[in-house]
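One chain, subunit A, appears in both complexes that follow, with subunit B as partner in the first and subunit C in the second.
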Partner chain A sequence: MENFKNKFKSALNNIFLGKSEAPLLLLVYIIILVIFFSLNNDYLRLNNIKNILGNLSIPAILSVGLTPVILSGNIDISIGSTYALSGIVVGLLYRVADIPVPVAILAGLLIGLIVGAINGLLVIKIGVNSIIATLGMMSMIRGVIYVIGRRVMKIYYQPFLNLARIYIFEHIQIILIYFLVFFFIMYFILKLTKFGKHLYAIGADEKIASFFGINIRRNKFITFLISGGAAAIGGVLSVSVIGDVTVSFGSGTLLFEVITACILGGISVAGGRGSLIGVFVAIFILGSIRSGLVLADVPINLRELIFGMILILALVMDSFRVRKRGLSEEL
Partner chain B sequence: MDRKIVLEVKNLGKYFNAIKAIDGVDMKLYENEILAIVGDNGAGKSTLIKTISGVYSKNFGSIYINGKEAEINNALDAKKHGIETVYQDSSVIPLLDASSNIFLGREKIRQNFFGRLFKILDFKYMREETRKVLNKFGIDLKDLDAEVANLSGGQRQSVSIGRAAYWGGKIIILDEPTNNLGVKQENKVMDLIMKLSHDFKVSIIIITHNIDHVFQLVDRIVVLRNGKKVGDVLKKETDKNDVVAMITGVKNIKMNGKT
Partner chain C sequence: MKIKKIKPSIPLILFFILIAIFIFFSIIADNFLTFRNISSLLKNMTVMGIMAVGLTPLMIAGRIDLSFGANLSLTTVFMALLYGGSLGIGFKEVEEAVSSEYFDTAGGSTSLWLVVIIGILIATAIGAFNGLVIEKIRVNPLIFTLAMLSVLQSVAFVYSNKMSIFVGTDEVYNIGELEFFNIPVSIFILFILLLIYWFFLKFTKFGRTIYAVGSGAEVSQLFGINVKGTRIILYTLVGFFTGIAAIIVFFNTGIGSSYHGELLLFPTLSGIVLGGLGFQGGKGSIISSILGVLILAFLVNGLKTLGIQSDQIQIIQGAVFIGAVSFYAIRERK
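Let's turn to the complex of A and B:
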């Protein structure tokens, strides 16, 4: 009983001292659910919940893959393009080159790793700032997509469609399972392994981390492989969900949703701070808001405006945290 | 004196383009002594110890550890030779907790199959060792999981000094250890340094601006000016005014009691 009281006290402390975002986010989440439910009672119906979970699963995979990159002090804004390119590659190889689907899928995933490796080389070996490097890659990949892509590539191959479309226990879409598995693996890596600890150290203070023998370059490189790989997985799964792929695949709000989930979830843009648990809750919050706005008949432009504001809000909250951290480092 | 020389630098030099930060410095460190390196800003104190601890690579001269010449090209080399350094900012990572800082780069892995496969951290071991080493310095942290940013300056220094002691540093270099601390914290850090010397039997080099601290703590004083050594005296053979005079250049070179 005493132990429980102490844990409760420390949780409250965490919320108000801003040390951990998750409890606060959880509170916000519950409030949001209540608001949207009152606007439209369909909101909490099983059908809609399945809808929300299905829609958030694939961007969630990208958010989890992006987290190590941001934690170690970088950013990867090419993930939307990588996601698209992987999908296009699968479509092309299968429909145009008649390559068997499993091989096409592997090629799609490999593309993600290759893009990640190029990002890594640009940022680490050549020393380009990661925003610029991944921005450049983003544009370049878009260009490649327009060059190699065909108008519409439909995939009728049932086993491939099953990859993302089957349901477990009748109600749980398998892409949700893929997300949860990936999430737990990444959580395990970040919290319990030497690699994870080193990423936090690098993000928090690269100079000191290198004094103590931590391999900055190799660790950062691996994070880009992870974000590229996750984007590719998302792209391939997305093609399976939609059933076809076109050159405009993956452009639009995907990138911003993914980044917003990370920042809102407490992953600081300054690096070294944040937990995947917060990202998890943020993913659900954003997915729920999106669904709630749709069910409340909010027009799409206003929806996108609201999401933009959420991102700005998350960035502002983060900047307060970074400022506080900068002050304490001076002490 | 037939005491063992644990560290010696001969004609050590480090230039930064046109700036001769240290320009041919000779210095010895004896076993179990506390040596102060003092000098004005720009005298070369920081450069000297950073060259010894591998942060900078020397341009010329040699470094000897226990009589044998040592190649020190990076921070890890220095650690391998038993040199541990505590920098001005404590060189702790404020966002991490005490035990993460003490084991930074040298984390203990769980010794089971999965542990070694995935390099899973042995948190229990590291926290216990952290508690033990901090206790040896008389520090009892209530919340070992707290970010060190939330600790007092003195507690942060104890983590840093504890780390140096824990990893078996035989030569421990403290770069302005009492900088930016309030008086009470300063005294705590001085106590830590005394404990370090008495309980851990290590050889200590301290860089400091604070002449009072020098005379409270050390056995011997080396004075640098403009990248060169201008003084090398036992504490008991000198006084504060003497030392200040050497720092500012008013007094001429005084080595081993001779002017």
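Let's turn to the complex of A and C:
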């Protein structure tokens, strides 16, 4: 209990003494809110806020799921297609194979874990670079989606639709609750369990981590399971929100939004550094920017361009941070 | 006494695989071994081949670039806009222009030669930009070029409103269909570039420094090699080769489209990966890369003539990619 109190105190210290990115991000966030509000007064209306929160909830789940992977020094760019595949599987099983919805949902989630396991195998057992492995998987999964998903699958089953569409206390969408629950679980795992600390250690310096007896392979494998599972959860929830599944489910921009949220939130690409709190704020920032741009009538192509540039900005910021800490002497 | 294990040379293995595939499909598929099919196959693969040639030295030096596809798309879009006479500054203008039948007319306001030169300049500049940011600011190359992919693609979308810009005039097609001895000019271009680069890599000092940089960057730096400068040059060259590929696509299709590159990115990467180009660096050769691209091209084409649909082919492509990377990763470990 004492230990916990101390840790809580030091966490507060970190946030307010400027050791984490969260305060700076918060400041940026407030500035952004002000700017967009001045451009369009509808921005801070309850309706729009609900809109923003609803739209960011599912990508947020994926970002939280991706964070452990990046922390331990890898990356998973197949999450977009895993997300889509899970949705398609649920749709197929329910509409085409007439399998009861709960079973279909379980199957969808299982698919996410399977993909995560394959990614883990490729990266850890076979030794392929994680971006290459997940790039290959992404491509293959897309092909699978096109082959099996070539039909529109509308879902009318109300309980399933309710899974993601109901509101708590009249205004809070349940997917937001799902995200918050997932976020707190992950935060707890990363900050307060041995597993979480091992991940940070592995990301920071693998050799020393293994020297201390940390099972690098197993831990890294688990991170891929997490990212695959989170992507699957997102996919299933998305199907419930949208109500049907087609081949174009989960297009390209999702992946970049998720990655941008992680990196903007301070999760260093070099691994071993960054906090979920930063990711949390980054998620809100990105969601708010998106909504603000839409309300300011910025055309969609330009919006995508802006988000791409935000990612680049986040990457550059990250590399400056890494250099300042002297972590990257490599050529 | 150590017994030296003889490792069969990769290019040789690849060559045999290529022959095997060729023979296989010639027997199995009726329409495979026709002049029309093979020449169309070769024509399609030259673009990937050229980009593979440009990409190989960069990867030997231990770096990667995933944005070359989007680079190509963007270049073709700009070339089409320049040639068709409308490089709108405001996005509304471009929207209106592209949505009307504006480009479906003959000729353009910019001379074709100028368009070609500007195209190469744009593509090369993008490559140089990549190199400078990655080497000077030291961002993670993989994720940065992934981000650039998104950015370049977005810019292409902005300027083309996600549509294809058709500028297929007689002028364009005449050049696109040029042939020497019945073989399209693009194949000659590929061949020449291949020879030059291969010679360069194998026999010049700079070529050898590329291998050195890929095998051991710190050590090379200690020996006085300008590692960063080398890599920046190689990134620029990737841009340059992508520019040439973009020009060929432009003349072949007469279309500037933000989708050209997307379709080419993964097959090109798969071909390179088949050729054993490690993402770690230090290993690889242009011959292997080209053989890899050829194998993939023949495989995909052969499957198509057998009637297998594109979606299923994509799965196979993905599987080949994963299989090749795994194979070489395991081999590396031993």
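Operating definition for what follows: the second predicted complex is superposed on the first by the 307 of 331 C-alpha atoms of A that agree within 3 Å, B and C clash if a C-alpha of one lies under 4 Å from a C-alpha of the other, contacts with A are read in each partner's own complex, and residues count from 1 in each chain.
Here is the rule we use: a contact is a pair of C-beta atoms (placed from the backbone, for glycine too) under 8 Å apart; a residue touches a chain by one contact, two chains touch by 3 or more.
Bear in mind the structure is a predicted one, so any value in this text is a computation, not a measurement.
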| item | value |
| --- | --- |
| Touched partner set for A:Pro299, first subunit B, second subunit C, both or neither | second |
| Partner chain(s) touched by A:Leu315 [first = subunit B, second = subunit C, both, neither] | second |
| Partner chain in contact with A:Leu192 - subunit B first, subunit C second, else both or neither | first |
| Partner chain in contact with A:Val128 - subunit B first, subunit C second, else both or neither | second |
| Subunit B and subunit C contact sites that coincide on subunit A, given as residue numbers | 328, 331 |
| Residues of subunit C touching subunit A in the complex | 91, 95, 133, 137-140, 142-144, 146-148, 150-151, 153-155, 157-158, 161-162, 217-218, 221, 227-228, 266, 269, 273, 279-280, 309, 311-319, 321-322, 325-326, 329-330, 332-333 |
| Subunit A to subunit C touching residues, read off their complex | 75, 77, 122, 126-129, 131-133, 135-137, 139-144, 146-147, 150, 252, 256, 259, 263, 269-270, 299, 301-302, 304-305, 307-309, 311-312, 315-316, 318-320, 322-323, 328, 330-331 |
| Contact footprint of subunit B on subunit A as seen in their complex | 19, 188-189, 192-195, 197, 200-201, 204-205, 208-214, 272-273, 325, 328-329, 331 |
| Complex contacts: residues of subunit B adjacent to subunit A | 55, 75-76, 79, 89, 91-96, 100, 104-107, 109, 118-121, 147, 149-150, 153, 180 |
